[in-house]
Each structure stands twice: as C-alpha cells, then as structure tokens.
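Chain IDs A, B, C and D follow the sequence of writing; residue 1 opens each chain.
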Amino acid sequence: MLLDQDHITEDGEFIINIGPQHPSTHGVLHLKVWLDGETVKKCEPHLGYIHRSIEKMCESLSYRQYIFTTSRMDYLSAHINNQACALAVEQGLQVEVPERAKVIRTILAELTRLASHALWWGCMGLDLGAVTPFFYAFREREMINDIMEESCGARLTQNFIVPGGLMMDVHPNFVQKTKELVKLFRANIHEYDELLSGNVIFQQRTQGVGPLSKADAISFGTSGAVARASGVSCDVRKHYPYDAYDRVQFKEIISEGGDSWARYLVRIEEMKQSFDIIEQLIDSIPEGEIVGKTKAVIKLPKGEFYSRVETARGELGVMLVSDGGSTPYRVKFRSPNFSNLSALGHMVKGAKIGDLVAIMATLDLVIPDVDR
Amino acid sequence: MEAEALKQEILSIEPSMVFEEGGQFINGGIESTVLSALMKELRDRPTLAFDYLVCLTCVDYKTHFTMFYQLRSLTHRHELVIKAKISNIEHPAIDSVTSLWRTADFHEREVFDLFGVKFYGHPDLRRIFLDENWPGFPLRKNYEDANMIEL
Amino acid sequence: MGSAALIMLIICGIAFAGGGILLSKALAKTSTNKAKGEAYECGIPTTGTSWIQFNVGYYLFALIFLVFDVELVFLYPWATAVKASGLVAFIEIVVFMFILFMGLLYAYRKGALKWM
Amino acid sequence: MDVSKMGDPFPGTVDPTADGGILVTKLDDAINWARANSLWPLVFGTSCCAIEMMSAASAKHDWSRFGFEVARATPRQADLIIVAGTIVMKMAPVLKRLYDQMAEPKYVIAMGACTISGGPFFYNTYSVVKGVDHVIPVDVYIPGCPPRPEALLHAMITLQEKMKQEHIFRKPLIKA
C-alpha cells in the first residue's frame, strides 16, 4: 500500500488536531487546523470537552448557591465571577451593600486580577519556550494565594461573597500583608519586563503576529485586554463602575497595536494599574457591617436582572431571569473567553504554526469559561 | 442620547415594537419575523450605531421562546435589549445576525445546540458543545435525561 | 593489538545495547490494545492522510543541509592533521569552502532559504 | 499506611516468604524503588485542579522532590496520568485513548471531587461523567475542590508506597 502511485499524489488537505490534550491549549480546547506546509489555512475550534452544563445546573440552585458554580467557570478570576453573580442578585433584591464590603470586594478583585495576570504571563513564557517565567510567576501567585487563604480559607476558588456583601470579615493582618505584597510585587515587576518583554526572540515572535483591527475586535465581540489592545475602550470598571471602582483613579490601558505584542503590553500595564487601585483602597477600608440584610431564602421579583464585571479576561455578563421562585428560571453567563475565542480563527489565517501558539497565549483563554 | 429619544428613533424604524418599563435597560419586544431588518438598521444608522453585540441568548418560557439580543453602541455608549418572541415551539427558527456581527456565529451555534432554534442564513450551523447525535436539546424546560440525577 | 581492541569495542557495544533491550523485555509487563498502535494526536483519531504533496521548498532545504553536512565530513580528516598537511592542504580547504559558499549564495539568491 | 513506621520490626509472627528468598525480593525492591521515584506525569489538566497541579509543580510546593518533575506532553513517555479536573462525556473517549496509549506500567491519580464522583456537578448535569473510574482504573483518589498542592504531594507519596508493594518476580502472598 505504501508506494502505490495515486496515494502519494493525492492533493488532500493536511489536517492536524491541536487537540484537547495539548500543552499550549491550557485546558481542553480542540483546534482542527488545515495546514499548507507550516502556514495555517484555516483553524476551527471544537468545543465541548469541558461543557459541564452549568447553566442547566444553576436553574436548580438557590440564589446563594449558584454563585459558587462560577468560581469553577473562570477559576483564575473566581472572586470576580462571584462578584458578578452577587451583583445580579443584589440588582434584583435592591439590597444596600455596606461600604466595607464594597471596598474589600474591590481589593480582592484586584488581587485576583494580579494573580491571574501573573499566571498568564508565566504560561505565555512557557508557550513560547521559556520555562523560567513560569516559576517567577508562581512566586507572586503563591503570595497572593496565601493572603486569600488566610481570609477566605481557599486558595483558588475563594467563595467569599454572598448576595449583599461578604461571608465573613477579612483576617486582621489582611491589610498588612496586602501592603507588603503590593510593595514587593511592584519591585518585582521589572523582572517581568527583563525576562520576557526585553527578550529579542520574544519580541520578534509577538510583534506583528495575529493582527486584530479595531473593527474586527468590535465585530467579534472581544472584550478585555484583547479588545483594548486593538483600540476599543471597553473597560467595565471605567464605563459602568460597580462596587468601589467609582472612587478610585486608574488609567484604562488602550493601545493601537492590535497584535500579540500590544495585547501582552496591555496586560503588563494593567498589572501596574492594579497596584495603584489596591494602594488607593487599602488604607481606607471603612469600618462597619460586611453584609446587607437579606432574608434566609432569597426570592427575586419576576423579571430579568443583569450585571457585568471586568474579569481578568474581559467583560463577564450575568443575566438572571426570575419567575419569583427561590431558584432562577434561567441564568445566562456572557463569558469573555467565548467571544475572544471566536476571533482566533480570523487572526490565525496565514500565520505559522508557532504564531498560532503565540496568538492563543495572548488571548489568555480559560477553556471551562468558554464551554461553561 | 437619553432613553426617550432613543425609543422614538427605534419606534420610527419598527412601529410594532413594544417597550417594557422597569427593566435595567430599554427592553424592546418584537416578533421574530421582523428581526433582521430592524437589526440591520440598528447597526448601520449612525445616530444609533449599535456596533457591539454583547450577548445573544434564548429563554424557554414553555409557551414560547424568547431570543434576547443585548446591543451596545461603543460610540454613543447607550444600550438596548431586543426580545424577539418565537411562538412556534416544535420548530423554532429565526433569522441569523451573523452577517451583522461576527460574534453571533458562535452564540447562535450555542443556542442551536442547547435550545434547537434554527437560524436562517447561518454559515455553519452545527452543535458547538454536545455531540452531533445528542438526543434532544438540554436547556429546554421539557428536556428529560435518564442519567441526569435530579436534586 | 589494534584489532583485539576493536573487536572488544564491538562486543561491548552490542552487549550494552542488546542487554538493555533484553532486560526491558524481561522486566516490563507490556499490554497491547487497539489504541496503542494508532498514532497519538492529542487524543483524537487522526483525520486524512499524511501522504500528501508537500511544498518543494522543504526538500530543497533538506538538500542544502545535506551538502553542508557532507562538507563537514571532509573537514574532519583535515582538521586532525592540520600541522602535518601544511599550507597546501589549507589552500585546498579554502578553495573547497569557497566553492560551497558560492553554492550557498546561489541558493540564497534563488530564495531557497526562505522559510515558508 | 504511616510512612514514619516503616523501620519498626514486624509486630506479627514472621513466616518464611512464599518463595524467592533474599536475591529476588531485593531485585523486586530495587525495581520498584526505581519506578516509584521517577514517575513522569502526563501534561493533562481539564479545569481548576490543573491550576493547583501547576502550583504543586512550581517552586513553593515543588513535586520534583519526589521525582515527578518531568511532565511529559505525550502519553508515550508518561507513566502517570493525574486526572486534574472534570471529565465530560465528550472527553471520556479521549481520556480512554490517552490511557491506552501509555506504556506499561501506568498509574492514575484522580485529583479533585469532580474525578471521584462528579463533584459539584453531580446533580442536574447532563454532560458530566460521575467519576473518572467509569472510564479508566484509578490508583489514588484525592478529595477536595480543588485539593491543596500538599494533598497532591501526599497522594503521590501514597502512590509510591503502593508501587513498592508490587511483585515482579516473587508470587504475591495473597492469591490475587
């Protein structure tokens, strides 16, 4: 069979599967890639390898329980996801969240964003062949996990938020530890630049790779650093401030580059903005209650309630349709990764296989957030 | 552009729209048949410029399906939720908006996968999460599954 | 004495390599199943065939590599006896390298070195 | 199995080993010791537990103290699958294929509540496999959602102890 003539001259498509189990897909994303030599003709994501039917499950969970399914969706910004769900329920209940809870929620959200961007930065280096950034990134990430663990009891899925405020008060030396962390992390951020941003090979592998124009970024519905790197101003913390974001001053990082290098720089700058936000809030945590008054069994009035937050990956929207019962009638999570992924097929056309990995690394995908 | 002027402008495009009060956003209810013309106008008219489709999803109200389109204009910063009512339960179908917003491609495939709503004009309508031969549509209210353990 | 050392070398080589294989055959418990024989592609059965027409550029790249690999083979004997062979051999090597460099330049101008 | 008590004299009566005396048992121990201390895990993480596995791999918790350092991307070179995260019905055949394509001797650690019983996704989910032992045989289970990196290290030590009981030459005392 090996050498019969017509078999070899078959001008078939060369399809490879960058499949569910692949180091660069950070989870179980399956990309079917049509290749011509090493350039990618077409790339089609196949999803569903981690579709855990969370939206169906939420229809049978109470308004307090459904919050914690979202920390298993985008587990790198678990706290921010929980914040979104709690805001949706508070929108329906019209309960007044005490100031202390708002400020602590915002500080924990920025700590989560820092931990998520640190892990993204480590894995970005890993994808492009540099192993050391992975260990640098986890040094900071472990410090943030220690702070989270001390106050919330859990490292990754904090489950610290209830509708109306926080489950408990933070640990007494939370403020002290967070200040130390921010000081140390701010001192270490230059290492991040020296290790990857200053590296010529890294620059050549990301500059001009995976261009995404502003019009395409809007049409594909991308959000977060992916959209901001193409010039779209869509930071939910700026345009629709929630919790304590209206009283902090920070810059919305927007770059016009539109390629992987711009997406990389936007995220690094966002980390620096997170330092500023934490420092503005950490000293002025108001005293007082940490949870507003809510009944034991929460029942939302009939209707739809929306909320949206800026997770580390983009805009997470939560839509709660309630029919007056104690469980939501329908829950819809507008996940940022799902839309960011839809732009992958367009950005990758004509790129090399190595560029495909670089583009996916800058998209910073978390696959359970895509599949829900 | 505040809500009232926005509503008048939209009413001028689609008089059959019914606005609901008391929502977080301007909720416009329409029939599913008039959807694509309205959507094209909403996106292309410079005074409205709804160029960002935030989310597209479906809710099964047992008697009818309702498609939710959450639109946002990045230039004017105003938002709108269009609710298109699909009354045919057995074979729900609606026009596709992938020609207007490319993010709708994935969202519509997800709604087709979990609700079974067909989209006319969708370039590649396949199931996005579940296997091709998965029996039934899971997110419908009348979905039964033997190995789904009820709480 | 030279040939005995050579024979000893060959025997030790075979013993070392063969021993390793036999040892692993004896110790390892092997299991065969249908999926084990198939190609591994991230857990998905492969689609399409890999026997398709590739871009000819890859073949040219391989050829150019082969040329310079063989060139290296010629350099080794010269390199070991640089002092003994004197200036004449050095000139020959320079001419040899020059001709090959011309070949490389030609390939470069023809664009065979451009990765596609 | 309390690791610290390994060196104490055997409390019960000592009956002669079934067969294979000093030399063979020593060879068994040597091979088991070599295998136990160089288990290469497969790079396989589906959801949140993978992040805790990465924390176990990084500097603070450092699983390379136990010989797990080299995480291989292909099942051909891996000895151990750490199933970190939920296994869904569409992923089950892929996991089965990966397990089949691994070379003997191979081991499986089921990390996290999702792999033991479907975890938080047990009720009202139509697509989750309720427990990964429906798909592949599991050696060590780790509860937790996600389990701490120390729990993963403890599971690895337990797996190493389990491997040190294996018999390659001498017949097992209890007829399996």
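Here is the rule we go by: a residue touches a chain if its C-beta (ideal position, glycine included) is under 8 Å from a C-beta of that chain, and two chains touch if they have at least 3 such contacts.
Nothing here was measured: the structure is a model prediction, and the numbers come from that model.
Relative to the C-alpha centre of subunit A, the farthest chain centre belongs to C. The chain pair with the larger count of C-beta pairs in contact, out of B-D and A-B, is A-B.
Of all the chains shown, the one with its CA centroid nearest the global CA centroid is A. Rounded to a whole number, the gap between the C-alpha centres of subunit B and subunit D is 47 angstrom.
Here the CA centre of subunit B is 60 Å from the CA centre of subunit C. Inter-chain spacing, taken between the CA centroids of subunit A and subunit B, is 25 Å.
Rounded to a whole number, the gap between the C-alpha centres of subunit A and subunit C is 45 angstrom.
Residue positions of subunit D touching 2 or more other chains, listed in rising order: 90, 94, 98, 123-127. Within subunit A, the positions touching two or more other chains are listed as 19-22, 48, 51, 53, 56, 60.
Contact with two or more other chains is made by residues 129-131, 138, 150-151 of subunit B.
Contacting chain pairs in the structure are A-B, A-C, A-D, B-D, C-D.
Residue ranges on subunit A touching subunit D, taken from their complex, read 19-23, 27-28, 48-54, 56-57, 59-60, 68-69, 72, 75-76, 119, 134-135, 138-139, 141-142, 145, 155-157, 367-368. Those residues of subunit D whose C-beta lies close enough to touch subunit C in the complex are 31, 74-76, 94-98, 100-101, 103-105, 168. Listing the residues of subunit B that touch subunit D in their complex gives 129-131, 138, 143, 145, 147-151.
For subunit C in complex with subunit D, the residues that touch the partner chain are 27-31, 33-36, 38, 40, 43-45. Across the complex, subunit A is touched by residues 22-25, 27, 51-55, 57, 59-60, 68, 70, 74, 77, 81, 101-103, 105-107, 110, 114, 127-131, 138-139, 150-151 of subunit B.
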